[in-house]
């Protein structure tokens, strides 16, 4: 493949540096022994201790993970089955459904958020954990569908006929043939759903406003007094987990590549 | 594999259900960073009642949430004028003072002076019919004396915020900032609860003043970080509530608190029980717990706001926990309280949106 | 061919689709109750006169829209939000395109590493990233906080990966031999880029633009941390909905914004079709 | 020729119902009729081939029998019973799909075992034990058994059940290996299907379908993707498998040679209609119309007039023939197969012409002879020089007269 010129290497390095400087500084200051986020005065782990002692932060972390897991499972399930059933719908119906499906995707997040806020307000649904989960499911499902649906369409329709022909009931066909075939799409959809839920701020903020439920984003946004390096400690831990995941992914793809070359 | 997934789903569902189900608990809706949370634990221990703390940034945000019947808070701590609005809208229970251990005669004279409990005019709204005082205070300028001098402030009053070339924090609160602008412009010549349109327009111009020399940032509780560390304060001046100022001054010796002579707002935050509260008995228990001498003292020491009980105030001042000058509330000629006024509220909300949109 | 008429009544094929039909019910419920109905409610509220969230009068009025449009400050705020987002999108494109190009032309191993490095920050909470940036700006150039520059830097920083990723995806699918065949035909590097590569990658550029522009234009977070509490259009909507509890007004601003953005995106697509000679 | 009525299946006196009977099938897709008036009987143990160009409706007919397509009209009887509305997984048919439709996520063994597995519901063992317990509980309640007695009873049943499950598993394994052996894929059990060659994939598809011991095996152009040599090999093998298993094969192809070599019965289709049903020999020698004649083998098709019985007129001459039963002076189509024409001296021929083209075809030469009326194609083993004037001769039985079709 082509060699990088000096210019492109420099450009690449500068951009990467700019991307990572804030992240590195975030991590560095999590070890600061004073409250300052601007001056590093010495090394300490006190913010990590404080982090685990803080009920509010731990609650927010727990809420975030809980909402992400439940909404990922639910939206993956709903979206996958929905995508499968789409192929069986009449063309006009399918087109309408897909158009509606795209509403949350092409709309700014805040519009979707407001729409949930209005929905829960109009029907007097008490905002809280449940509404947050419902909102997350609702905005994840369309992404799962657009990820899974192409895989369903790519699938050889004869495979379903073959399965049925060999005596499998529709449920068995779904489980033993269709789902394994679209597995990659499902995994990708679930990953998107999880990431979006885990990072979501705007929609969660509106869908749970007025309640005590906070995910990490809402906690940060509404945080005012005592912004302490505990947040940096939390970020550092999140970065650590993500870093590990990325490293794992990297080595996995490298391994796959090597295997393919063999 | 399938079983593991099933197990996870099941346990998650159960934990969600469990968190929804409340044995005996109250939903307390109050401003952010406004309570010593260890008292909540103490209350939970003593009464076996869980307190679910839900916070709001401002009365303006809180009112629609309380109106939203699905929320069903058991206890709310809004400010005086918001209490009036909620009461007028029929959302509040009246307080049965027989069930309150803290008698009214224990209240600081400033409170009884501003919100008299004479019962003389039943048509006249009395905040104490609907609420039990929590903290009270006023609005002033918290300043870093190494960057701004008291003399400057005394000379300029509220205009110091616009006229001194320094970083300034405006409090992100509709009513308080409009009050500041009106007092800055008209001092005692304005009824802050019923200003003329011209006065409001002038206030808007004052707030959105493009010719001012200072750099304005809108913030609220961020003040605690910004002003905490001596020598590296983010703002030279900040519009601040007395209690926040008192707390910060105890942490940073450079700080001073000045209430301009052209007048300020004296406010009262108090417990109210919404009509749709689900656990009113527990709400009374909590009020009594928080307004007892010991707990109120602990609470006021923690947050720095002025307690409504005279005995607590005396204790704070004799022990020099906080300086009397800023901790004790005195009502001066140009000071006023807020009242509820529907029309004004709408006008102010629109005015505020315009001001904020311009910055 | 002879005309042929099917004489007997058609055989009903009921049982065949019931299973698949059943599978789609939850999805259709989500679409109906959580996507269509909320948007319809927003529309209804936006045409209601100022009323509390609970009361419907069902009297059609344009008050909410007029209230917004007749206030020059708000209109200019919307323009400012769109303008800032536009500049941020442009800068993201100027940085993101070469970046994606360089990555796409790297060897496979470097490619994976680089794309992971670029996308990794996407996994970190957006507020945390914004705060991290704020921290760095406070350390290096605190006077920037509150200015348009800081806001644009913030938007670019937070959303850059969303620009790189789709462009990279398209570029990496372009057959490498195209680069060579173009240079075979005597095109120099720049010509290859302009005549061959850019037109082929336009679809990636478009999704990149959408994915940066949409969230930038409506962000609540960037102006809060980097704009020293300044309002952008998102904050105005937040203020209307949460602080004022005015569903109709909030909905109308949100819908106006959504409409404007849709028009903007539509125009971009038009331009794209035009440059491609309408062959897609 | 005898004018046998097309597709007349009024065999009412027959006591044994045919295995499959198609009655007046029709199908329309989006307002387009792709199949019409299909009447056909398929007997047990038959190797039936649907032959026709693409789009003739042969695959649709197959899919209707398999249960993947519902007909718009008509009925499908299986041993006299209508199977319409019965989903494909409950039909006594199995299918080998055109592109095999092997499950890419399963290896060879699992592909072949698929049908057995879904039927045995091996994965549902857990629920079965639960069902067992439930039914035992009801039983023991009515018998008034104590708890411990019930426990014992249940344990015994469970043991027996598990042993049975193991047996089923073993049987299944044996069967899978048997069928893999049948198609010559021993040792390929753990291969991924996409790593197999086309022929191997095809064998997997056949084993996978046969293992279910269907009454009817439907094969949708299964050899289309194979190269010539492999195709011929598989033709032979398929025929062998059919003979040994005694299963009815319904085979779809567009390749006439394939149809002629393998089938007991050929069904020629065109434009969604059956053109002719018969043995390969019948179809070849006695095509009922121009379409069948041209589609099957190569033909010289000549328009002529049937003067009387046994006398036909074309190329300005009268020829004797062996066909009868046409109207006087009826316009007809005449087929003369290229191999039935002999090249002779001019004086010995019925007609004469000039050799215009000679192509060597391996076994024979294909020679075009241009006469006054037309160009005849002739297959012969003797080469003729280009430009030579020759005579053509054929016997009366080589002249095949058909109704004129449009």
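As written, the chain order gives the labels A, B, C and D, with residue 1 at the start of each chain.
Keep in mind that, in the parts below, a contact is a pair of C-beta atoms (placed from the backbone, for glycine too) under 8 Å apart; a residue touches a chain by one contact, two chains touch by 3 or more.
Worth saying up front: this structure is predicted, and the values here are computed from it rather than measured.
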Any chain in contact with subunit B as well as subunit C: A
Which of A-C and A-D has more C-beta pairs touching across its chains: A-C
Greatest separation from subunit D - chain, by CA centre: B
Chain nearest the overall C-alpha centroid of the shown protein atoms: A
Where subunit A and subunit C are represented by their mean Cα positions, the distance between them in whole Å: 17
Centroid distance [mean C-alpha coordinates] between subunit D and subunit B, Å: 87
Inter-chain centre distance, subunit A versus subunit D - centres from mean C-alpha coordinates, in Å: 53
Centre distance in Å when subunit C and subunit D are each reduced to the mean of their C-alpha atoms: 55
Multi-chain contact residues (two or more partners), subunit A: 38, 121, 124, 170, 209
Subunit C: positions in contact with at least two other chains: 53-54, 242
Of all residues in subunit D, the ones touching two or more other chains: 87
Residues on subunit B engaged by subunit C in the complex (per definition of touch): 58, 60-61, 63-65, 67-69, 172, 174, 215, 217-219, 346, 349, 352-354, 356-359
Contacting residues of subunit D [partner subunit A, same complex]: 63, 66-68, 87-91, 93-95, 97-99, 101-105, 114-115, 117-119, 208-209, 212
Complex interface listing, subunit A residues touching subunit C: 1-2, 4, 8, 11-12, 15-16, 18-19, 21-23, 25-26, 29, 37-38, 77-79, 81-89, 97, 100-101, 103-104, 106-111, 114-119, 121-122, 124, 134-135, 137-138, 141-142, 145, 170-171, 174, 195, 198-199, 201-202, 205-206, 209, 216-217, 220-221, 231, 234-235, 238-239, 242-243, 245-246, 249-250, 253-254, 257
Parts of subunit B lying in touch with subunit A, wherever the complex brings them together: 5, 8-9, 12-13, 15-16, 19-20, 27, 32-33, 52-57, 65, 68-72, 220-222, 224-225, 228-229, 232
Residue numbers on subunit A that touch subunit B, as the complex places them: 35-36, 38, 66, 69-70, 73, 120-121, 124-130, 133, 209-212, 222, 224-227
